[in-house]
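We just call them A, B, C and D in the order they show up, numbering each chain from 1.
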Amino acid sequence: MTSKTGSLAPLLPADGPWKTAPKATSFAEREFQVSITTRLIEDQKNYWVAAGGGPMYSVLLARRLYAPNALYVTEDGIVGADPVLPLDPVMTVVAEKPSYRALQWTTMNGIGDHCAVGYMDVGILNALQIDPYGNINSTWVGEYPTKGRRVNGPGGADTIAAQCRRVILMTDHQKRKFVPAVDFISSPGFLDGSPGARERAGLPRGTGPWVVVTNWALFDFEEKTHRMRLRGIAPFVTVDRVLAEMSFEPLVADTLENLDVPTEQEVNIFRAEMDTGGQYSDARGGWVVREENRWKLAAA
Amino acid sequence: MTSKTGSLAPLLPADGPWKTAPKATSFAEREFQVSITTRLIEDQKNYWVAAGGGPMYSVLLARRLYAPNALYVTEDGIVGADPVLPLDPVMTVVAEKPSYRALQWTTMNGIGDHCAVGYMDVGILNALQIDPYGNINSTWVGEYPTKGRRVNGPGGADTIAAQCRRVILMTDHQKRKFVPAVDFISSPGFLDGSPGARERAGLPRGTGPWVVVTNWALFDFEEKTHRMRLRGIAPFVTVDRVLAEMSFEPLVADTLENLDVPTEQEVNIFRAEMDTGGQYSDARGGWVVREENRWKLAAA
Amino acid sequence: MATSERYLRILDEGRGDYLKVDPDGFRDRVGTKNRAMTPKLMTAAEAVSRFVADGDYITWECNYLQRGPSTLLREIVRQKKRRLWACGKFTWVAVAFLVEAGCVDRADMGFFMGGPGLSRAVLEGRLKIWEYSNVVMTNRVRAGAMGLSFVQIRSLGGTTNFPHSAAKLIEDPYTGEPTVIVPALNPDVALIHVHQADIYGNARIFGAGISDVDSAMASKKVVISTEQIIDTEDIRHNPGLTKIPFYAVDAVVHQPFGAYPGECPGHYASDSEHVGEVFTAMNRDKLGAYLQKWVGAYESDEEMLEKGVGRARLAELERRSTRKEGFRP
Amino acid sequence: MATSERYLRILDEGRGDYLKVDPDGFRDRVGTKNRAMTPKLMTAAEAVSRFVADGDYITWECNYLQRGPSTLLREIVRQKKRRLWACGKFTWVAVAFLVEAGCVDRADMGFFMGGPGLSRAVLEGRLKIWEYSNVVMTNRVRAGAMGLSFVQIRSLGGTTNFPHSAAKLIEDPYTGEPTVIVPALNPDVALIHVHQADIYGNARIFGAGISDVDSAMASKKVVISTEQIIDTEDIRHNPGLTKIPFYAVDAVVHQPFGAYPGECPGHYASDSEHVGEVFTAMNRDKLGAYLQKWVGAYESDEEMLEKGVGRARLAELERRSTRKEGFRP
């Protein structure tokens, strides 16, 4: 189903410095995903990022390259740190290195309050399972609570998803992740998608998911129906393949943005200062290489 | 009206060290009032005291003489200070001297929370106007809000009166202060005196005024009716005079406690370290002297 | 969502006017605030001119005697701001002189002294007061800083404050017992005097206090005056000392002796003579003369401190600050 | 008091069980706590034995990886406490191993990892979970520390957490809009690891954190473990650093490396090998073996640190703590 989208403003700035920068010669799919998210991060905005993984890597990379004054906070109440990199993947809060040179140290309720009154412009979250309205499941896979398996719970994501003005969702591009209805709404998207659904549930007005970034594609949500809409794809996949790896059919914009592959600088910094052990990139997804003048996805 | 009180436990310990200590040769009525309040203060309890005047003087004197481990807090959130004496009468909060050597500095909500959950055992308050049920007016004298004059408002007293387990009220012994009904309930006593009246108004259970200390007398509140009851008088006044200077008739206990006059040590420390300019003692009330083997109230 | 037939009874309601409760509107306003680390240094005159508007609901932290934003309060008098609604939590004399100056015509009461002038203003209808307490007001502000529209409190019930407030007595949704709730408060503007701040507004406060942090986070506009400007590097060396983050702050006024005649612990003692003078003026209905002498006669507080108080006196007040433990980083 | 005919509609209600809300009962319990400055030093074994009872609702601050009371959590396993109800806010692996050890049979969820063992416990009915989020749980605790029975929140609504929680969606009493409230939480016992405390329990914590202070003030019993014991004189020299006052504290356990294998910022880094081991054990359903190796095999944490970890390794972890700015007074 194609949506008559007409002249949508591009999600990614058309004149971003990555446009003209030398491209990486090869990269992991997850590096591509981090690069796209990185480019969506704006200077002089406040970000509440999930403590670890793609969300935190993206904001760290953005601060190094494109948005030095993008401020980020974590759910333990660290405000505006200038962390010592690389961070141990599980030591991203409370500890010395992520706390370093912050502007303020507060608490979970402290930062929750800053978010509740509207100081957190954008949230960046991981999604284990996501539906067409951007609802996220991170609680239970299967039939709650009698069949399947327990996962980690919303953590701080429910608050981020409820209260940040915009939310960037990151997820791996897999059929089992994009589902028609999540098994459990851990953190709210547009709920049933109807107008005012979030407000009727008590959530602050003017909030909600903004985009979904995967290792293959970029989505936003159509204004009226609140349904997920494909907005851009990677040069190493086709629209058909993107859609085939989803268990529901998203809207598709008339014109899709071509998502630029990571620049040399992006992957160099990412590998040297963030994902130093390749632990994040290697965990899921494959490798992309340039062959015969085209970007090709190597077997995972 | 005499109340059949039978064997009431004395309000003041019968074996207090002031019993045998040398008495002051003369003293101000307000010094007497502070001495009585001082002796009511127990070691190893937490006190929230009105920031200044008799309440604070009493807890400071008690800590010097009888209850070194009575901890007090003020509404700016100073916990357990060891203040630099004397304090300027209006500089009893936030400032250096009252803050000195505290165990903790917090805020008004901080200390309000400590009180709300029950850590403040006893409150000590000044009352501008008081009724038979211990309700206090500090907002308006006259017919609210059209005739009369505006006064200071409850300040922190409403919280102290609502939430401390016990409250000690201090007021000058004057007809216009003890009124059948206060012009405005700024801080709650037993409200209309009926059983459960405080709980029906949303106040925590097991709280309420405990005693009223004046420059002449000591009152408590009868358990069932919650009416003020005379429990002790100063040796320099008669029961008749005490009752004559009240605009309502309190209950009177069968046996009245004889309230001991200030000791030499009490007034010496009070004058040297607390009310150094005599500003507090001189503001209201007269002087008491020993004449012909009796304590006599000199003309004010 | 299942529609339920369940209800909570409202047992009683105060009839007092209150600042409209609109947490989403507050969020929208916060959304327009500058997130950049832009220098916000300006004079008291500029800060008050830009960020205090006629008709604003105004709160200030601490008071005219103790680490309050005294310079900013005097500047409001100087600029003849009008129709302000004052958050009267633990404010000693400031409400009285703001009423005398014609700046304030409404107040929520916690604690403020009056004297004959204030009583007259009430009786003549020039000042409307609604009745709370200090701690209830700081709870209302905290609820505002939490992004809420109301909060439960365990006081105020049964008093005469209640009918003259915006409190409600409701059935507790979990215990069924009667309990009191009050509306959250998001003032238009907060004035806060601090010990140290950088030029962006990251601010440190030492010692006990009233509700500095909550007032900053609950208010639409935040003006800070500070004894000292420090480098942002210094802030980053000890983030645990930061009480207010820059993104809440609109103006930073470098104002040594900004709490005069009050004490700023760690820096200077109060000027007890001046404090006596303002109390006497209030009690004898001479606040107009007091304001003329100390505000109207000077172009700025700098001039007042220089010519009216004098350097020798200021140095003396600094010498009297002798118990600095805990009031410096 | 006028009886009003007004009501607030309850629009929806979660059906989750929750710890009974009883703010007055909590006040009564607080009333029985010792107000004296009595030394409260004791071993972890004694503190857990005296202050953690079977059936308690238990909360702990931070977690097994970051400045959490790891020694106290291991001692709970060692003493085979039973039927505990866990406050699962941001706890990584601890809920999983407490369930594996048979200590915990109920949990309020914010964030905790599971692995196959935890899923099996849920499916077999050995573990009952109710659904919140980290920040909702810390808000419930804060409401408990404020003496309330409930608090409004601006999240949770619309999620599947809601029906499995004790939240209610009500008409906002001031705006009329739908809004969510949750019950306050007063845990039976809180375990908190701090940087410094005196022997009475006046405690300092440096750095960011979860809800240390609120947990202390909201809980009936409070056990603190501390890296360092300092003199009360030291506390009095800088009262602004005190986060928890002694009167809330029941036990002070002097436990250097009490957060091991987690990091205690300013003191030591985490033992990443050990952290890897516990994650692997959890993911491979081998938490029983992990607990036998690190808890069951030793009489105490002192013995475990001495023999199981070794002094050289501990010294190495101390050396790895190199960014101490702000983590020491």
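Convention: a contact is a pair of C-beta atoms (placed from the backbone, for glycine too) under 8 Å apart; a residue touches a chain by one contact, two chains touch by 3 or more.
What you see is a predicted model, and the numbers here were worked out from it, not measured in a lab.
In summary, the chains found to touch both chain C and chain D are A, B.
Looking at the partners of chain A and chain D together, the chains they share are C. With every chain reduced to the mean of its CA atoms, the largest distance from chain D is reached by B. Here the CA centre of chain A is 40 Å from the CA centre of chain C.
The centroid of the Cα atoms in chain A and the matching centroid in chain B are 62 Å apart.
One simple way to say how far apart two chains are is to compare their mean CA positions; for chain B and chain C this gives 30 Å.
Residue positions of chain C touching 2 or more other chains: 1, 23, 147-148, 154, 169, 179, 207, 237, 239-240, 325-326. Residue positions of chain A touching 2 or more other chains: 78, 99, 101-102, 105, 116, 163, 200-201, 204. Chain contact topology: the protein chains form a pattern that is neither a line, a ring, a star nor a complete graph. Chains that are in contact with each other form these pairs: A-C, A-D, B-C, B-D, C-D. Every residue of chain C that touches chain D in the complex is listed here, in rising order: 1-4, 6-13, 21-23, 147-152, 154, 166, 168-170, 172-175, 179, 181, 183-184, 206-207, 237-241, 325-326. Those residues of chain A that touch chain C in the shared complex are 43-46, 69, 71, 78-82, 99, 101-105, 113-119, 121, 163, 165, 200-201, 204-206. Residues of chain D that touch chain B in their complex: 1, 23-24, 26-31, 33-37, 144-148, 202, 217-218, 232, 235-237, 239-240, 242, 245-248. Every residue of chain C that touches chain B in the complex is listed here, in rising order: 62, 65-67, 88-90, 92, 109-114, 116, 118-119, 122-123, 129, 131, 133-136, 138-139, 142, 154-162, 169, 177-180, 207-214, 263, 265-266, 269-270, 272, 275, 279, 321-327.
On the chain B side of its complex with chain C, the touching residues are 74-78, 84, 88, 90-91, 93-97, 99-102, 105-109, 112, 116, 139, 144-159, 161-163, 184-188, 191, 197-204.
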